[in-house]
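Here come two complexes built around chain A, the first alongside chain B, the second alongside chain C.
Showing the complex of A and B:
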């Protein structure tokens, strides 16, 4: 490589995904682009239905009927995964070089298979280990994700594990074959708060010790700040703002990002009232022609009827808005007197 | 596991006892064997002698306690129709019925499960529609009519197999098929919907995300889970064949098994033979249920001793 920039391990270019439903064509993703460098941790943030999980599924090749990737490209170390040869290569990457941790650990394991059988299965398939070696490696992995008495636990079934422990098992399965990229789709949403912190710490430790790249999908901005270097904010199937996590939090350009940050509960300021963004995201069955956030945006104007172009921000990120960096929201009213 | 089976066996014993008592009462209500067995011209003295011979002249209460005592010794009395110990008659017919059920259920399972699973891979695809159509047809055909239709086509028309009777594999084909078709249809439908359901489960998606090939995801992961409800149905099929459908099929094909004999026993008001048949059938049902419980425990680790 001639230029100084290292090749991104994963690059997503203008990805569009459609779902052919009874009601019509739902545009799940409408031109998503981002890239992840080796060892980098990126967050995909957005509310439910914004396309975070669809993005993850598209990368993992898990978009099944009635969905399909209609345009755009996904590149692994510069090679497209959507061409004919690329799909073959993707089959080999999946579960080995790219792995995924899902939202709900309670239903993500086969209830009729022991934890050990799950681990041995992937280790034999991707690492070509013998049964005994795979079992020994499985014990080490359970130990590495902080499960005590790993040897005994290998013989147990998923229903004998708590939610947090199951998520640790899912992480052990995801890192079993030494992946280069881990996609974590709301890995802590189904867990209670103390377990959340433990699981996030575990991910951060693994990221450091294994040099993993992580794409973390979440709607929890608190998690992003603690764990991620980069952040991309999704709204209605596209990325509306992206950049270094610190600068996005400090100088949010897009009114939606500003609204999201404003609506995050603050523990350090007890007087601050919890605020929300009024309205609901647009239907992706008939998405608006112009800016998708227009109907909820306090500073929307007539030009927002046209689709805004993506532009660079002074801090080195990107934003897709006609009027970036305007302080879109009035300061929340102090309602302390009412409490 | 040992105590589990033992507890189920004791429960089963109570069931069998209860059923037998109900049958004792019921058989006394269906008719007077003296009237059926003896010619119309028989004298009152002859009738009285007949009743005395089988103990039917005693009060019902006394008959009942004698019956209970005999039951403890597995003595069901003598078949009025065959003039042989009733239990011997039943046990003599048993292998034929087991052969028929075995062949029928084998066909239903070996054909039903794979076809249902393949249909589930692409719901609403061409193959799936074909399978659903076939299943509905199989479910809708009355069994006795199907039997007669098969006889007309393959035995009378084409002459490939005998019309009725027993002895060779050729004799077995049509009765087994008649017994199998509705069961196969039900199993196919359940396997299909069960596999479709499992393929949509989160654990299947995570298995795919781990890069496992689809064949392994289908057989190792989805099918094992899908088979839990199918096992329930298969058990039900065996029991209803054992305690019902074989009566129809054996009658249509004059298959000399338990069902055919039961029909005859009812026709002849042979109380003692009927009691023995019901006893053996009840024991069979209890045994199948115990076997099912053991299989469930082996397949699904979540089922604890109950």
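Showing the complex of A and C:
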């Protein structure tokens, strides 16, 4: 995927993460590969437990015991972050060149520190600015993320901010050191829709003005289209389909992607019934041998007992399925029409 | 009531002309901070002059942002909060002042489904105990074991496997836990269910499962729902009517297709445009973020429209006088000076 293209800023190769729990070895990630080019935005989409947050944590070096990266590689501009020298370099990268926005703005800020103190701490540590310079830069950053009266706000505590404002502060913190890659882990899940739209717009603006690469992690396909060029759909610890956002939405190949798109409610949909993907994802403690989606897949066959290989799609994406591009889901029965 | 499938159906005659729930001029006030020590607390008007009817077997979608008063309205109907003005009429009886045993009996008829299936179930209780608890509390059964059959029947209704009875909630996924919460709410054969953001904490693919289940149960048992949501994306599928709340006021109410296809209040339009469109081909171009929109602040001072400071149409009339919640043709109600009245 990466050859003949500019060096990706981030490349994840066949990454496996395991968690050694009391119940046994949980395979959190089972061979995840993707790459992000400079200035590119990519979405990692999946249900809870699909491994999307674990992927982000692995990139940020936040996998703690009992978890460990068992195989695969994470490359930053072609350099591995997992070798001994790489780990040293990674410590400097993380928080500076790669930064992260967490899901819950209510709990990710220290309630005993002012907003200003958060910003000054980051700027002094990573950028080596003096106290005064860091403060001035902090004011500019709050202004950049659309917080009014930034000077006064610097002296306030997180509880004086609303949810959307706190998420803006989190974004200001994340872009403080002018990162090249921003990982946003469900940045809008805890927010109201109107505020969500504003935060997504802010991310899109920053991406344009700073040339950021963004990895957006979400379970909601709805917010992907507005921000991201590429999409990777995760299921049970691996990527089942990846490609350009437009083509994935227009011609979803994998039955799971098709199901996800159809279960996303749409405003122009007059049907009284939503399409659902019945069942639940498999346990990663004993993942199935074959395709992980087969127990919920409407078009599963005997072939699916064996693990499907990743293959390229005509539109330039990849899909991991034995029978891609088959329309997997029947048209839902419309009760309204029946009556 | 020997018919198995109807064991939990409501056994009351259906009178389509009489709404099961009527809310008239409902107001709820909370005590805020005191301006000086021992002084009188500031009053915060959380809900003001809410009026609507809900027909039997139908669903009302209540939509609003955090702080709009949607959960407060749900709780006021359940009588979990003191009502300061107006009346709540359930099944023809004024329930705004009932107390004691009558209020206890009322909770059998009106039940609540909670938002977060991860924190609303006691982790130390087995599924059997969780679902049987309401039956025990209301003296319908005298022991948990006695309730086993009834609970099994409820499990069948919400499509949970019977072997789940003796397990603890931590072993279940979010969707399954929400089913447990629904079974618990159904145990007392309620007629009205207030679902307070029942799918907001769930994954998109699981949301559809729970919403579809709620629709099936409504058909099978003749339930009436008040379905509270913070955005307009899921409510269309389950609701018959949708009401939009803003700063404790109802700003628009209409049948579901009218809200989506002919919204009248500017706030409804903002809410609609804020729902992200998944299909890049259909995505609106750039205008999706309601730039000027600010989060609601309670106690906006002075008379006038409560939406005036967020509204780009706001004129002199909006500053001076609050628009009435008036009917604009058909069943469409809105509180705005800028829509034409019949």
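Rule of thumb we're sticking to: the second predicted complex is superposed on the first by the 331 of 339 C-alpha atoms of A that agree within 3 Å, B and C clash if a C-alpha of one lies under 4 Å from a C-alpha of the other, contacts with A are read in each partner's own complex, and residues count from 1 in each chain.
To be clear about the criterion, a residue touches a chain if its C-beta (ideal position, glycine included) is under 8 Å from a C-beta of that chain, and two chains touch if they have at least 3 such contacts.
These figures come from a predicted structure and were not determined experimentally.
Undergrad: Which of the two partners, first being chain B and second being chain C, lies in contact with A:143: first, second, both, or neither?
TA: The answer is neither, since A:143 touches no partner chain.
Undergrad: Have a look and say if chain B or chain C is in touch with more residues of chain A.
TA: Counting contacted residues of chain A, the larger count belongs to C.
Undergrad: Who does A:95 touch here: chain B (first), chain C (second), both, or neither?
TA: In the superposition, A:95 touches chain B alone.
Undergrad: Taking the superposition as given, does A:73 touch the first partner, chain B, the second, chain C, both, or neither?
TA: Touch partners of A:73: none, neither chain B nor chain C.
Undergrad: Give one of first, second, both or neither to describe whether A:280 is in contact with chain B, with chain C, with both, or with none.
TA: second
Undergrad: Look at A:315 in the shared chain and tell me whether it touches chain B only, chain C only, both, or neither; answer first, second, both or neither.
TA: The answer is neither, since A:315 touches no partner chain.
Undergrad: Which residues, counting only chain A, touch chain B once they are in their complex?
TA: Chain A residues touching chain B: 60, 62, 91-96, 99-100, 102, 104, 107-113, 121-122, 125-126, 157, 159, 170, 173.
Undergrad: Which residues, counting only chain A, touch chain C once they are in their complex?
TA: Residues 47-48, 162-164, 192-198, 200-201, 219-226, 245-246, 249-250, 259-261, 263-278, 280, 335.
Undergrad: Residues of chain B touching chain A in their complex?
TA: Its residues touching chain A are 201-203, 205-212, 220-221, 224-225, 299-302.
Undergrad: Under the touch definition given earlier, write down the residues of chain C that touch chain A in their complex.
TA: By the definition above, chain C touches chain A via 65-66, 173-176, 203-209, 211-212, 215, 230-234, 236-237, 257, 260, 270-283, 288-291, 293, 295.
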